[in-house]
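Down below are the structures I want you to see.
Shared between the two complexes below is chain A, which pairs with chain B and chain C, respectively.
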Partner chain A sequence: MAELVTLTIDGQEVSVPRGTTILEAAKKIGKQVPHYCYHPGMSSPAMCRLCLVEVEGAPKSMPSCVTAVTEDQIVHTESKQAVGNREGVLEFYLVNHPLDCPICDMSGECDLQDYVHAEGRAHGRSEEPKRVFGRDDFGGDVLFYGDRCVMCTRCVRFMNEVEQDERLTVVERGNRSVIDTFFEEGLEGTHWHGNIIDICPVGALVSKEFLYKARAWDLEHTPSICPSCSQGCNIELHTRDNLIQRIKPRENLEVNGWWMCDYGRHNHGWMNRGIRLEDPLVRTLDGAAGPMRWRDALEQLLQHVGVMGEGRVKAVATPFASNEDLGTLAELVGTLGGGDMVYRSVRVEEEVVLKGFPTLARRKDLAPNTNGAELIGFTRVGDDQAAGGLEDIAKHDGIVIIMGDELSDQAEDFGQEAGLFVYLGDQQSPAASNAHFVFPLTTFAEQEGSFTNIARRVQRFSPALEPSSMARPAWLILGALAAELNNGDAPRSAADAFSGLARRVEAFAGLTYQDIGIRGAVVNETYVLSES
Partner chain B sequence: MAISVKVMNRPEPEDTSYLRAALSGMALTFRHLVNPSKVTQQYPEEPTDLSPRWRGTHRMEVHADGRPKCVACGLCPTVCPANCIRLVGGEDDQGNRYPIVYEIDEFRCIFCGMCQEVCPVEAIHVGQHFENAEYTRSRFVYDLDRLMEQDHPTTLLWDPSDPSSE
Partner chain C sequence: MSDVPLKNPGWAGNTGEFDLTEEQIRGEDFIGERPLHGGHSSVSGTMPYMLIEKNPEAELFEGEYQERLKKILTRYPKKRAALLPVLSMVQELRGHVSPESMDRVAELLDLSPAYVRGVATFYTMYNKRPVGRHLVQVCTNISCNLCGADEVLAAFLECTGTELGEISEDGDFTVIEAECLAACGFPTCVQINSRYFENVTPADIPKIVEHLRAQVKGGD
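Entry: the complex of A and B
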């Protein structure tokens, strides 16, 4: 434990460990000192001059982002000197800023807009013409508007210090200085450059994919977990008109810091897919599948099970399903007399590690919940393209349950001999044409749940979109069926389904939705220890 | 409490006679017959005069090359209290921000003029226009082309010589 230093900021006493900067200490008492170049995940060059504060006894204003606290220091962040400094600095920033907020994508979430609105001058005094750079394509997903840039160099430092692939630099001097790429190389081929768009405090770096798509104030933000690999980065889904518009990382120092990879950032088209399974379909004796109400369909299924009796069950799940979905599927399989539970997932050759934050990587496993599936008792089959491995299930004559796996590599006669073939998914699949029951599921973005990441950290996600028509989360459907069969209680919420899982699976024992919270929690320690 | 009776006097005949009022009314009528002053407007044969601050159906200003002035900044749908503007922004072939979809539902519109007030590029205006008969309801959702075709005068939200209405 480091030695504590006590200082006074704006009349408020605060104790922080020695070596903390004034800016961090101010943050602790809820004072946000305006800043551009400082970012908690990178070094501070103290070049934006916006965070200068008055320190009593110091000959001039001190940059709070690099000045360490000292004992009995008295700091003023709202004094005439500090506010006057900010007003002056902001006026300088606006000398060459084009003020094109109406067409700027950052408008509404821009630090320059906020600070100038709060503390800047109402009118500029500059009469000289503004210098013009125009816009530049940096490659990858990044467009650069040089005129809007405030030269905080966060993007340059991110590429140098965090991604550690030097692609950006400052060229020219004085008011001609501008961020540029080396030759024509650009950011093409880097895997984390989306983060420089997030950390850019103004609209200088914008996403090509999101360009002009939506205004910042129109977007709803939903905390979620990235479903694109087993790292489980904490993210926010930004939605408008019931569509995912973009994905932004959410700070969680235990998992992803402030960052996320470009693959995960742009892999959201599938969440917006329009063509979906709409209604529960039940195949009648003549072979045609017709839509049916949920209650009737489930009753028919229970009758069918009653006729079949108990038998070996073969279940295929997708590792994109939540712990709750997988847990209730396992419970149902157990209730039906047990059987094989398998999953298939895509794996790639290499991890893409973020060098400056080595615990973060785009993992080999491109599914969010393979660890959860393993802990709940599913085994992995098939190859690294998530194909094959279902030969015995395709010809199984007992009960076959497919959850979420689209069976895209399977032939149309899949499950022809099955006594009972239940297919749950969000998309119609040709290989499910023999299914007796087809149930529409909500996607990950439409339901609440949790994933278990590569470090066995259970993390919750929230629903961001309205579900399509009759689709329901799998835990609700399977939970109701299992409850009917074993005279138990059907789960009424995702939290309910998770507590059921915690009762049945040792690894999750003792965990509740409350424990997991917004930051996640690692699965049962005794389980982890006993295994190793 | 003792009961008392209040005696009301009958009004005098000269106060109750309608004759005087009727005669003065007839006098006014005859005066107008001889010296008519025009109040009735012969609408629609004669067009009416609208106040320069009349707020009617919208129009979109266009550049000299025919492009709409709108830059799809999204302020009018944000400020619109009736939520009647639908805007989808995009990028045109010259890299400019422009509205791919710009629709105003004139039935939902309450003609407050805030869209005109908030527009940073003076593109959308409410107009001095009110004759909007159509055969179908859907024709009252004005799309971008329709808004650009409108040629009626636009509204002066304030008098330039007296901007604070004093």
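Entry: the complex of A and C
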């Protein structure tokens, strides 16, 4: 670690590595210096003038986002001078701001709103008419409201430094300046432009998809993991009315920084899909499948298994399932005498790398847990469209268990010869037509669990939606069955299911839900919270 | 000049450009205007001037202009830095900097078109739309305004028969307001093309406009 420098901020001593900015040092003691243009992931132009703080001995206020700390420096962020600066700067920001908070999508999570509410003047003194720009469609998902813009140029710098496709620029000068692209060029064809909406501190850049959908204060935020590829970006699911309204990235420097790709951001329609399997279905002798209570269904299944005896099991799982689900399925297959475990996954040809943060990319595998499936002992079959590869399973006469895979490419007679065919899934699909038992599952958004990403990092997600009444996580169903068969204990929670997995699979040995925490942990490397 | 001792660490040594005669700077065929190839490379990027006849479709960077472009590029360590003089050259030829021209310049200097647009719109001396043969810029900032700039502006508009910022019907004039032209000692200051007219009063204007019209007719 670099040499430490000790300084005093608002009467509190703090020691930080040499070269740290005052703004970052203040964060360490819980002081948030208001700022717009500064973003930890990009360069600082120090142009918003909001983070000016008083430094004793300096001839004038210093921009804390670019001023490095020095030994024995005494900084005041709440002094009359600092607060006065902010009040003045904020008054200027409001000279041309339309104050259309009631119809602005950013309202409730807007930095301008927050700062003015906290420290701004109650009334503006400007009597001039405000200049009006109207709005501009930037293409892609982005809509620009020029009047609300505070010219922090975060979006311009994101496109230049992080995405490294210089599509945005400041056009004109002075109070006529606006953010724009090269005339009609727009942002079409860029893969990360959704991030400029996240980093816009005001409502100047808004998402067309989310436009007028929900107010910020009505949304519940749930930490989760993006299920759209094997990168495992840390995300927040924003929900209202038990529907996912939007996805926002969550900071994790080890995985995705502050960013996520547009593909993952907009790929949430399926999580809200309404047509679901509602009840456990059990096929009777005459071939019709009828709903049944969970207890009865599981008892019937156990009877069937008793009749079948032990035999080769063939299981197909989806790589969208959590480590817990896959681990419990593997345990059940082991209890039933072992067999083949396979998964199928869509794979695209190209990775889409974020040039300014090259460890982040939209990966080739468009599923979150292919790596977890591999570690747990599933093998990949089928082609890059997640089709085919199940020829021997289709005609298998032993036990067939399908978890999550919809089998939409398979022939109608798939599994007709199976001695016992169990399908677990979240929606009605062709796979269910010949199954003896059909069990409704929760989706990843409705349950707790963990995924293993491309760097073998295990990351937890939390339930964001209420599942339909009878749907259960797969680990609960399969765990109960396995416990009945081998007289063990059924897992009572996802954490329980995970510790079972850690006992059985060497790669996960020693890991617990507590180790993984909110930031994730690499398999077989217990994560230590670093001091920095 | 060449004998200046190296006292200043930033002094690059005598590059020779300060020893040049006016003829050397402006070119041998100097007849009151700089040659199109721009003269010596130390000044080739500066002092843009307006041609009376502009062709918005003119080929950029060809012939003598290509020679000038090469000279401009030698003056900077990076191509990016040549953006301003190159845009000036575009304006000299075509009369204004159109989106197509910006795109062409971006391609030439390996920049993004959006960046070129940002720069071109930042500077008010780049015309973003076509202007008349003579561009009349009347200073209406404080000093000139106190000394009657508004009347001068109104007289120009009346005499040329145009609206502010528009091109006159015969295509000869565009009259615009300018912020301070840095001639506050000689109000009202008017910049016509690249030349200053100082201490202008409304009474002078018919004569000035007549003179400009004559230039067009005379094919100057």
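The rule we apply is simple: the second predicted complex is superposed on the first by the 523 of 532 C-alpha atoms of A that agree within 3 Å, B and C clash if a C-alpha of one lies under 4 Å from a C-alpha of the other, contacts with A are read in each partner's own complex, and residues count from 1 in each chain.
Just so it is clear, a contact is a pair of C-beta atoms (placed from the backbone, for glycine too) under 8 Å apart; a residue touches a chain by one contact, two chains touch by 3 or more.
Being a predicted model, the structure only gives us computed values, none of them experimental.
Contact with chain B, but none with chain C, is seen for A:W217 once the two complexes are overlaid on the shared chain. Touch criterion met: A:F183 reaches chain C, while chain B stays clear of it. When the shared chain is aligned, chain C comes close enough to touch A:E166, but chain B does not. Residue contacts after overlaying the shared chain place A:A118 against neither chain B nor chain C.
Shared-chain residue A:L4: touches no atom of chain B or chain C. Looking at the shared chain after the overlay, A:I518 reaches neither chain B nor chain C.
When the shared chain is aligned, no partner comes close enough to touch A:A411: not chain B, not chain C. With the contact threshold set out at the top, not one residue of chain A is in contact with chain B in one structure and with chain C in the other.
Against chain A, the residues of chain C that register as touching in their complex are 99, 102-103, 111-118, 121-122, 124. Every residue of chain A that touches chain C in the complex is listed here, in rising order: 165-173, 180-183, 185.
In the complex of the two chains, the chain A residues touching chain B come out as 101-103, 107, 135, 211-215, 217-218. By the touch rule above, chain B contacts chain A in their complex via residues 71-75, 78, 89-91, 95-97, 120-121.
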